[in-house]
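For clarity, chains are labelled A, B, C and D in written order, and residue numbers in each chain start from 1.
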Amino acid sequence: MTQAVGTSLIARIKGLAKLWLDVAGSAKGGETLSFAPDLPDDDLERLRKQMLACLEGKGGEVSARARAAALGREYLSLSAEGRRRFLRLMAGFGPDTARVGGATQALLAAGDDDQARLSAEAALRTALEPPYARLLTQFNALPEGVKFLVDLRAELMGMAKGDARLTALAKELKDLLAAWFDVGFLELQRITWRSPACVLEKIMAYEAVHAIQGWGDLKNRLDSDRRLYAFFHPRMPEEPLIFVEVALVRGIAGNVHELLDPHAPVGNPDEADTAIFYSINNAQRGLDGISFGNFLIKKVVEELSREFPRLKNFATLSPLPGFRPWLVEKLAEGEAGLLLPAEHRTLTQLSNGQGAKGSLKALVDDGDWANDPMIAETLRAPLTRLAARYVAQEKRTGQGRALDPVAHFHLSNGARVERLNWLADTSAKGMKQSLGLMINYLYKLDEIETNHESYSGTGKVAVSSDIRGLLKV
Amino acid sequence: MTQAVGTSLIARIKGLAKLWLDVAGSAKGGETLSFAPDLPDDDLERLRKQMLACLEGKGGEVSARARAAALGREYLSLSAEGRRRFLRLMAGFGPDTARVGGATQALLAAGDDDQARLSAEAALRTALEPPYARLLTQFNALPEGVKFLVDLRAELMGMAKGDARLTALAKELKDLLAAWFDVGFLELQRITWRSPACVLEKIMAYEAVHAIQGWGDLKNRLDSDRRLYAFFHPRMPEEPLIFVEVALVRGIAGNVHELLDPHAPVGNPDEADTAIFYSINNAQRGLDGISFGNFLIKKVVEELSREFPRLKNFATLSPLPGFRPWLVEKLAEGEAGLLLPAEHRTLTQLSNGQGAKGSLKALVDDGDWANDPMIAETLRAPLTRLAARYVAQEKRTGQGRALDPVAHFHLSNGARVERLNWLADTSAKGMKQSLGLMINYLYKLDEIETNHESYSGTGKVAVSSDIRGLLKV
Amino acid sequence: MTQAVGTSLIARIKGLAKLWLDVAGSAKGGETLSFAPDLPDDDLERLRKQMLACLEGKGGEVSARARAAALGREYLSLSAEGRRRFLRLMAGFGPDTARVGGATQALLAAGDDDQARLSAEAALRTALEPPYARLLTQFNALPEGVKFLVDLRAELMGMAKGDARLTALAKELKDLLAAWFDVGFLELQRITWRSPACVLEKIMAYEAVHAIQGWGDLKNRLDSDRRLYAFFHPRMPEEPLIFVEVALVRGIAGNVHELLDPHAPVGNPDEADTAIFYSINNAQRGLDGISFGNFLIKKVVEELSREFPRLKNFATLSPLPGFRPWLVEKLAEGEAGLLLPAEHRTLTQLSNGQGAKGSLKALVDDGDWANDPMIAETLRAPLTRLAARYVAQEKRTGQGRALDPVAHFHLSNGARVERLNWLADTSAKGMKQSLGLMINYLYKLDEIETNHESYSGTGKVAVSSDIRGLLKV
Amino acid sequence: MTQAVGTSLIARIKGLAKLWLDVAGSAKGGETLSFAPDLPDDDLERLRKQMLACLEGKGGEVSARARAAALGREYLSLSAEGRRRFLRLMAGFGPDTARVGGATQALLAAGDDDQARLSAEAALRTALEPPYARLLTQFNALPEGVKFLVDLRAELMGMAKGDARLTALAKELKDLLAAWFDVGFLELQRITWRSPACVLEKIMAYEAVHAIQGWGDLKNRLDSDRRLYAFFHPRMPEEPLIFVEVALVRGIAGNVHELLDPHAPVGNPDEADTAIFYSINNAQRGLDGISFGNFLIKKVVEELSREFPRLKNFATLSPLPGFRPWLVEKLAEGEAGLLLPAEHRTLTQLSNGQGAKGSLKALVDDGDWANDPMIAETLRAPLTRLAARYVAQEKRTGQGRALDPVAHFHLSNGARVERLNWLADTSAKGMKQSLGLMINYLYKLDEIETNHESYSGTGKVAVSSDIRGLLKV
């Protein structure tokens, strides 16, 4: 028996509806609902009917969408607990178990008959599609429907842990967003001081690598020797998805304070030979796991190459956010094997003479050492070497993947580890995460594919000869 | 065992790849392939490898997309047979049967354990996702990637009949397009004489209801007492998806020749009380079954209400494209029951006196009767009555759905059958399809939901009292 | 003898050029000049040749404009003294005295012969056109040429005082700008939080009535119950020319602190019945005397009426910037006639009891009285009455024009004096200029023309009945 | 006595007004006037009052502009005779003769006193400004005010001949338009198949060099190996002012039929080395004498050089519109000196043998000779030589200016005469004007200034060595 999909969907939903009481048909598009913030059981019942009306497309799809928008507005007015109950209720509109069972049997029965199998597979996939997927899509009728769903996912990810139902709902939402945010739909925009204030305000809020101190600092980062590019979705035109900040300089920059100094003279971008990507930020938590960072970098490289034909290096200036935590862990196992004998000696002498706390461990725990030139000089060689080892050789347990998350991002994009920079970020955060070191990942256009293949295939990390030297010690 | 989705996908593809010989890894992004138009077997083998390289994301996703774009360009250079072979090859990258089997077993084993069931359902859905879905998405990297996929589906629908593999591929593509063409992403644009010539050219090509005779005719349809609205997708900015042509008039218009007459005086739209939707066209065959006509009509009603607060009627002037074919079929069964005795008498007399061919059947077969005022007057009452019956009461076999496709569209949008217009379209097409009749469907804002519910629930058709009168005879 | 204008212009310039030495013809378009900042005489000589090359259109008009642009860039690099010398040199390219003399004689000779007179007038006008007018126009070739000329005029106005040559140059420039900034060319734009940051930055810099405290304050002034409109010129797209800030409220607002309070709740603009224009600013000094304030107000009234049909009052909340200076002057002549006897008595008692400084004069000199509720209450009636008199009756010596500049602006636009507001602006500036008072000018659409005519014809000031009451005391 | 300009203007106008009867003050902004199409004297009287009300700024400048707009609408409804009367009436609001007389005397009195002279000159210029200038400006308040004035000038130029008053009005309008249409305000736009249909429609209407046959022909001229650029004014955004059509080809094109052939294959613009400017059209008669053709050409050269770095030649393919008329005139004086003896002989023989009409004169009168290969071949050398002489050596009587208008345009832009092309335009128009010849003017960037200077200074025409060869015969 063939049956139109729409009708069977309604049938399934009606089946589910038996679980609840009478289904009122009075809901009108655009109407105002009003639930208590915590969604007590009575409200839950009314909400159920509303959701059902959306799923059944009561009054036609246009009305159903209007009704879904009303539900979305309601969601926004709820408390945290109310929202959790709302989402669990919604997640209850899952696949019809009986129908899935039937389709499974049909697939088993199909055996080796190709035609029968293909058709059974299709039927099974349809049966497995949860009705709530339709409701999620309908929320797109909200004035900022796409942003609503992105933010919904951000909340859902927090709530879903350990809750199989919400996990399934979250997975569905991720798949929906992944389709909608296909990189082919994104628009690369240059952000300048001419951009709308409401967009700039968000750039300031979302910058997490090197916090922006205010409108003056932002304006400095948009000066003629800087570039800031972001991806946007056509239906979230004022919400950057991901953005990268670039400095156009001569030679590969090694110190972020100099780059961000508002009093530094403005360079002539037409004379620059190097583009430094000094900050990349994902702006939407709700798009976690839907990746477009590599597309952004490559589009920006293209764009810059076109505008400035003299550019010959494209490199990052990046933190090593996991370096100090890793070193602390290693040191807990003992300093042996981390320092060369001579280094160990010098360090011991220094600590005696200068009141330093006697060990690498003590120094690393103490954020102040960078201010003592002699200690800093003594630590330079061993920490740089250890950083090289950390970035290029340490892997996540059981995987070929680099332990450092920033390293993993750039290496899987096909970059190579080019240079380590000593005392390159001595901010509190820079000391706490990276012990003041920063790293340049270099994007060499003719190496990118090979580097990517080696790294993603065998975990092999591409490094410059300098870094290779450090790794041999 | 947990395993990253990406890796397992590659594993599956590699499994499939065993079917073929050595997989060269040399494919580079953006490279030029070159296959013979008919894709002989040798080319097929190279093509297989190319597709595999895309699916494996060789050289990273950016490169994989560039490679997919090269494949897409290649597809366009192929002959019809070459394209069929291309698509069948692609459709071969379907779900891994063994994995589907395993997941099916896991679901059966889950039994009543909710948690286990949810997780098994998720795994099964993933297993059922065909790898070619990824390749389809990658085609979005083509400069006009979305349009490419829309056109691809149009072709695929033709080829897929009776071919289960291609049918599955076509279904996947439809689902992808349905997600991308969610109505929330579409932009309503008014088309005017200020619109780009390249868009107007397409409007002319896509108008199928009342063909546009040239740029002059088009300009007339864009005059100040006319409106033309279209939906666009942000990634197909020069391709109307669906469009509607509206005349702003006084009173409900009943004759399309008068509406389209380029010599008619231009009305004052601010004095109009009625908006006549006289032509609605789906412009993209590749979006068949992904419906936004009802959204278009309701958006346009909103838009017009805002611009012209005096408008009080929103009605169509539509053909009855299946009326004559239906009547011919009925007449083949005999004229009895179609004509009243008096009508039958008059007709017989007329034919005797005037040389007409003696029966309703003969007249209906003859396109010329409209030119004979006496015959036309004689036919007026019976044909109008039969048209009312056809539109309001005839259903598709075994369904609640109106037999006439245009009627079904407007009725399921919540319109009502308002008025039948005699000799309203005497063009060759109008006579051949609708025996010269046209119909007004009326969109009354406060009835739309109820009408829709009645029609979609029980098949009940809303009609005006005039039409009700005709149905009682 | 008739002669083409272009040729004769060159001839005249060549005549002038005899004053200087050899005229080098080597100047190339776009070349870099380089003068010492103070323009010593040697540089002056080279500059003369450059200007001459522009005036002669050497190498064609395209090249001449490029050369003028180089001159403009040079001007910008000069010191104040250098710029003065530059402009005086330029002003030397005035009309050819001999030619003017000849044309004058021709006009005298024409006598009553209409034809001869018209032709002589035309010839005389042409003779009176200074060649430097052409050079001014050529500066338009600079990338921001219009802004350059606007700023040039701002500088020139300062230098021209007492210098007849520079005065003539300044007058020419004003006429040029008046033609270019014809109100028909200006674009009304609404400024919102979506506007480019570079424009918002200028709004902050140019607001002189109620200074904007920072980006937060600005955002508050752009909230949904506020409006900010500006006029722009198509060739200065990022430079507001004049802007007005509007609050949408219920009832005519009387206190600017409440209006600007960032913590006040946001009103619903759709429920507002009154638009309060609380700040109007001319942003370009170089456009002084080229007036579009009245056009701005009337355009904004139209715009707001369209968007918010419920608005029924359009009023300002304005300072009386000359009130205190005027009162101080009056008090210097003696308090008699300013206070009623009873008021004088109360004030004397108060000052005795409270340590106030014994007289209205002393109080007015003392910015602090507003903090003493009893004194403030005592001053309320007399100061309000005197303010009414000041605004409605005091005129510039020998003219029908209101003494207060803000009053003159609104009265000549056709507004009426509606209401005086006590302690409405107690900022330092508000006390110093307006003794804390603010005034509402009301724009009643059906009175505007009559009010304008009365005021501009006879100096009669339209007032409300409240104000009329105050004037009778 | 100093007096505000505005007041004195009103005083002057009031003086003029004495000529007419009572001046009604009731005119309101935006009101509807209604004059008979021919403007009989009664209407003239009412019109006079309306104009006066505008000039006096009755009810404020905003109202005055609205009133002027009403006048403008009225003008458009008048007959040709009505318009002439309207304009003559308007031209009557000229300078106040008495005031001009006084200012003239003041200037004579100033003598050698620089300060007095400058101030007297300024006063005289002000006195000479006609009040109607203000009215012209006020028409800018019409919705398409700038276009109105441009078209007004086109009409005025026709009427003004022999009418000193209208000539003065026309001169004033030209000066106003010259200020408004300063080249710095114009926008260069590329016209493509994506341009608004309403703009393309005008391009088709305005193309006068090689008429466009329809939308298909136009589309062909906008193909990927073609460019069409136009200047626009920001207040006439849908009205091209001047436009140029360019073909991107290999080698300097010599035949316009090949260039315009819609069946010719589309070239690859990236491989082109030559840009051929094959048609330049002024689109607005009302801007005659306000020249921006040279700016257009140079901007387009810049634009093309940027987009296609391989381009090395920029040349026109132009007609010689005055060649045949000139030759006919010369032949009327006798053939001697035009043909070489050998040429004369061959021609005579040919005519005997072939029935040709015996002389160059007869052939030139006969449009058909191009179809006879032998005659055509015989004429090739002498006509080409005579064309070279015509273009490079024939001057307007008593001037250094080339006789051919197209030649004059390109030569004064700095181009050189590069090549003559035989049978390059054999259309009826091409034969009638240019005897089938076309010419390439070459713009060599490093010669432009020198060529311009030589030509505009001494009338010397730059030619290629080929042309020089032809001139030596």
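Simple rule for what comes next: a residue touches a chain if its C-beta (ideal position, glycine included) is under 8 Å from a C-beta of that chain, and two chains touch if they have at least 3 such contacts.
No experiment lies behind these values; they were computed from the predicted model shown.
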item: Chain hops separating chain C from chain B, counting only touching neighbours; value: 2
item: Maximum centroid distance from chain C, chain identifier (CA atoms); value: B
item: Between chain B and chain A, distance of the C-alpha-averaged centres to the nearest whole Å; value: 38
item: Geometric centre distance via CA averages, chain C-chain A, whole Å; value: 52
item: Residues within chain C bordering two or more other chains; value: none
item: Inter-chain touch pairs (all); value: A-B, A-C, B-D, C-D
item: Touching residues (chain side chain A, partner chain C) in the complex; value: 193-198, 200-201, 215, 219, 238
item: Residues of chain B touching chain A in the complex; value: 25, 28-29, 57-63, 65, 94-95, 97, 100, 104, 107-108, 114-115, 117-119, 121-122, 124-125, 128, 137, 140-141, 145-146, 164-165, 167-168, 171, 176, 179-180, 182-185, 234-235, 291, 294-295, 298, 412-414, 448-450, 452-453, 456
